[in-house]
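Consider the two complexes below, in which chain A is the common component and chain B and chain C are the respective partners.
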Partner chain A sequence: MTLRPFRLLVLCISLMIPAALCAVVLFLAGYAGQAISFNGLHFLWDVNWNLGDLYGDPVTVNGITIPPGAEYGVLAFIAGTLASSGLAIFIAVPLSVGAAIFLAEAVPVLENHARDRLSWLPPIRPALAMLVELVAVVPSVVFGLWGIAVLVPFLGHYISPTGNGYGLLAAAIVLALMITPIIASTLYDALLQVPKENRESAFALGSTHFEVVTKAMMPMVRSTLAGGIVLALGRALGETMAVLMVSGGGLNMLPTSLFSPISTIASFIVSQLDSAESDPTSMSVKALAEIAFVLFIITLAVNVAAKLLSSGALNVRSRKA
Partner chain B sequence: MSAAAKLETRSTQELRRIVLSVAGWGLCAIALLGVIFPLLDIVGVVAGRGITALSFSLFTQTTTGAANGLANAIEGTFVITLFAMLIAVPIGVGAGIHLSEYGKNRLGSAIRFMSDTLTGTPSIVLGYFSYIVFITALGWGFSLLAAAITIAILIIPYLARITELALQQVPNPMREAAYALGATDGVVVFKIVLPAASGAVITGGLLGLAISVGETAPLIYTAGWSDQMWTGHFTQSPVAYLTYVIWTFINQPDEHSHQLAYAAAFLVMLVVLAINISVRLMVKRTKFT
Partner chain C sequence: MKLPTLLRTGAAALALATAAGLATPAHAAGISLVETGSSLLYPLFNLWVASYSTAHPDVSITTTSTGSGAGISQSIQGLVQIGASDAYLSDAMVKAHPEMLNIPLGISSQAINYNLPGITHLHLTGPILAGIYEGKITNWNDPAIAAANPGVTLPNHVIIPIHRIDGSGDTFIFSQYLAFSDAGWSSTEHYGTSISWPAVAGGIGANGNPGMVTALKNNPYGIAYIGISFADQVKAAKLGQAELLNKAGNYVLPTPETISAAAASVASTTPADERISMVFAPGANAYPIVNYEYAIVKTSQPDAATAKAIRKFLSWCVQGGNVPAYLDKVHFMALPAAVKTLSVTQIDKIK
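The block that comes next holds the complex of A and B.
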């Protein structure tokens, strides 16, 4: 066997990606180890996250040194994450499905009829599709800025009973806007892939154009749509800055209404930087590593699910004989 | 037959179907507007308030003191992006070459899966990982090197997959012809395959650049923040960056801080949208020719 130095070189470079991923997993898990053994499963269903008295003399519990009175529970953040992402999906799915259908089916009809007379116009459909894609590239922190400047005052003035717009609903709306392009462009591409024969036979049976879309085309792209939705969910779960800026930063309480202040796992990690730095026992740094690890596991599971759905490994499309 | 007479001859079921269709199209149109309107509003608000906040002193003064600018943040974003790209481009493109040219096996698909997993990992988790490793364990402190490596980890999987897809477009006979002339692996890749796909690879690099300029979460735990210009040190010296200005200054009480936040947001948006729009127009043009 001949040695091929070039192939070996690029193989080594390529292996840096798995190495980086393994390093992330190992360091987070390793660092969180002490926190995991201290918190146990309690971590997952305790609502209170209390750093304890950072200036008091550290106490030793079960052989682990912590600030006096410290307890670490993430249920409030898990609840905030799931509530905001779930609500965001609830808002984003109808929006993006409608947008994708309109883009894929209604816009070209306009274009075909008018192409000869209006050839000086830029192509409408690519332009609109590009606008939808551009929503996805707006940086998270700019979405947060817009949330603070436009959305939160609007919600506070017109919708919120307390007059305060920050909270679960604001976070969910911003998240929904950020993930719409993911679902919409997945569905848009899938709709363009539907074979012409299926569309045309539905037309030949006397369906209206809208019935062709809803009854003949949508069932064919159902599993792709599901994959897109789960992918968008994965993005929403890990979204940080925009949520941090509009969520109200609620701590140690479960959300009770649309206007409850919340924190998600991701936004909480950012907001805890200062206290993590000032903890002499570094226990809160370890507890934060544990919560980051939890977030990693959740998004990993969701992304794997998205992959299985869109690759068609699981056949979600129910076929009636 | 007039339209009204035509309507009368229709059965109620037919009417219902037509009404439902019209209503459905209406809702779809509203949904599309609902997706696009916020984007236009964001661009409008940020550009409107950002342009009025622009001034010459913004680019010459640092954020220190009362009469301040954004020079330190602009410089910081620039150097973080520069060094992140210097790390990410060789690794990302190299990995892409391996995946496309020699990655048609189990190992290749395993790397592909890991790469996608890394892409799906929330950026704050990567930031916290870097905080543990570089800031705490290695003792670098908030620093340029930690920030650049974190952003590089974020961009590399994108670059690898885009490079792979680009090289896949190059037809196999070109490779075979080069091998038949006695070219070695390296020559085939660098003289034949990579030049043929250079446009798409550059596109990937530009998109990585846009990600780097717009990221915030991983930098909070790695770059820190500094009111001064970059000291020139790679470790032990925090760096300023534009996105930090956006999320902290907007929560300050005074109007001047708000103006700085909008100016920073305008600059970030300008770079990100300019890159993304030009990349999309470029890709479309090459498709047509």
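The block that comes next holds the complex of A and C.
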């Protein structure tokens, strides 16, 4: 066998990606090890989180040194994460389905003679589709800033019964705006892939435009839509900065209304890390690593689901061939 | 043929870039220091470093704003030479890292602000604030608040307590005020840069001092603790500033006189390692929420030249730089003379 330096180089480079992933998982699990054994399983359904008295003398509980009064429970953050992301999906799906169908079906396409006269106009459909995709690359902190400057005062003045706009709904709306373009552009691409024959034969059978879209086209892209939603969910679950700015940072409580202050796992890690670093026992950072591990498992599950669903989408496409 | 040529060119370019990158520090004549930590000290460090660098071109100092906790941990690990922190190291931390110095560089304070149109200087006490943040005092016309404010018409409205969501020196001194003046808070919530805030249904967590100002501005009937460096923004937003009950039993506003009075009353009791809280200090006119801003520095530096550069810069900060020309811009106060001496003695230990 001849030595192929290029192939070897590419192999090494490509192996670095799974290696980095494994290293992160091993580090998280290893680093959080002490916290995992200290917290046990009730970590997952305990609502109260307390770094403890970081200025008090550390105490030893079950052979592990912790700050006095330390108590680590993540249920409130799991609930905040799932509630805000779920609500965001609930808001974003109708918006993105509408946007995708509009782009694929309802954008006026100019007739030949009109196109000649208006040739200086940019093509409308690609321009609009690009706009939707552009929203997907707006940095999340920009959404957060908009949320804090526009959305939160609006919710506070007009919607919230207490006059306080921070909380679950504000976080969900900001997240929904961030993930709408992800779902919309995935679905738009899929709608363009639907074979012309299906669409035209539905028209030939006398279907209205609405029936063509709902009965002939949407069933073909259903699994792509599901895959897009799950991808968007992955983004929403891990979003940090924008959520931190508008969520109201609820601690030690579960959300009870749309205006309850919440914390998500990702935003909570960011907000606590700095104080955790001044913990002489370093238990605080380990507990944060444990929450990060929980978030990792949640997002991993979401991504595996996305993979399964999008491979299902491939099956649909191969059937038409 | 094309690809290998491309690869080789790329590799050559990479090698050149690496060589250039490695060469830069070697060519630089002087020493480079890195400061990181407290976002409250960051603007002051930027003013200091700009002036100091013009006079001392041989030292280059990089300043970054990361948070007090990061300043502490990175200076302990030796990643940076100067860590900036709003809070001193705990006893346990000092026991674990006896080589770390806590050097006060200036004096900061904090205001309690509220959004109650028409009421300019409400009287508040530590126990009242503790009650509000614990969810025990929920209405503005609560008898406890009314008793402290005779003659003031208080609105019958739910209080919205606003706290910092991120780890912060402001949370540290605010919770110290509550812990030192209210036994209940002291035994349950303690004090620290992050607090396990009791669940108050209408409460808000805001990110950073700018987030606190925005949240308070957006929420009538809110109350918040905001670092004095943001006094101008608070004033522009027309928010009220509370007179706080001090240890001597007087209500005082944060003014240069009351902050200096607090500093003066602690100056004589400041120990050699300078780890002391100025919160709830004695003194008839002393404002109760005042603190030293610290540089966290290791006594043993990797080499003598670096140690000398740190000593020189920090000595300038607590002497030549500790003047209103720099401090006024961030509403800090200069260290009392006795504390400057203590700081210089500590700085001399950096070797």
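Just so we're on the same page, the second predicted complex is superposed on the first by the 303 of 321 C-alpha atoms of A that agree within 3 Å, B and C clash if a C-alpha of one lies under 4 Å from a C-alpha of the other, contacts with A are read in each partner's own complex, and residues count from 1 in each chain.
The rule we apply is simple: contacts are C-beta pairs under 8 Å (C-beta built on N, C-alpha and C of every residue); 3 or more make two chains touch, one makes a residue touch a chain.
In this text, all values refer to a predicted model and were calculated from it rather than measured experimentally.
Upon superposition of the two complexes on chain A, a steric clash is found between chain B and chain C.
Of the two partner chains placed around the shared chain by superposition, chain B and chain C are both touched by A:Ile148. Set against each other, chain B and chain C differ in how many residues of chain A they touch, and the higher count belongs to B.
Touch criterion met: A:Pro280 reaches chain C, while chain B stays clear of it.
In the overlay built on the shared chain, the residue A:Tyr188 is in contact with neither chain B nor chain C.
When the two complexes are overlaid on their common chain A, residue A:Tyr72 makes contact with neither chain B nor chain C. Legend: residue contacts after superposition of the two complexes on their common chain; A:Phe38 is shown touching neither chain B nor chain C.
Contact with both chain B and chain C is seen for A:Phe6 once the two complexes are overlaid on the shared chain.
Of the two partner chains placed by superposition, only chain C is touched by A:Asn50; chain B is not. Touch criterion met: A:Pro18 reaches chain B, while chain C stays clear of it. In the superposition on chain A, A:Val132 contacts chain B only, with no contact to chain C. The superposed model places chain B right into chain C at 60-68; the other stretches listed in 60-68, 96-104 or 240-248 stay free of clashes. When the two complexes are laid over each other on chain A, chain A has residues 6, 148-149, 244-245, 270, 273 in contact with both chain B and chain C. In the complex of the two chains, the chain A residues touching chain B come out as 4, 6-7, 9-11, 13-18, 20-21, 23-24, 27-28, 31, 94-99, 101-103, 106, 126, 128, 130-135, 137-146, 148-150, 177, 180-181, 184, 208-211, 214, 234, 237-241, 244-245, 266, 269-270, 273, 282, 285, 288-289, 292, 295-296, 299-300, 302-304, 307.
The touching residues of chain A, counted against chain C in their complex, run 6, 48-58, 69, 71, 148-149, 152-153, 156, 162-166, 244-245, 247-253, 256, 260-261, 263, 270-278, 280-281.
If you check the complex, the residues on chain C that touch chain A are 3, 7, 66-70, 72-73, 85, 87, 89-93, 95-96, 158, 160, 163, 165-168, 190-194, 196-199, 201-207, 211, 214-215, 218-221. By the touch rule above, chain B contacts chain A in their complex via residues 17-18, 20-22, 24-25, 27-32, 34-36, 38-39, 41-42, 45-46, 49, 90-91, 94-95, 97-99, 101-103, 110-111, 114-118, 120-126, 128-129, 132-133, 136, 153, 156-157, 160, 184-186, 189, 210, 213-217, 220-221, 243, 246-247, 250-251, 261-262, 265, 268-269, 272-273, 276-277, 280, 284.
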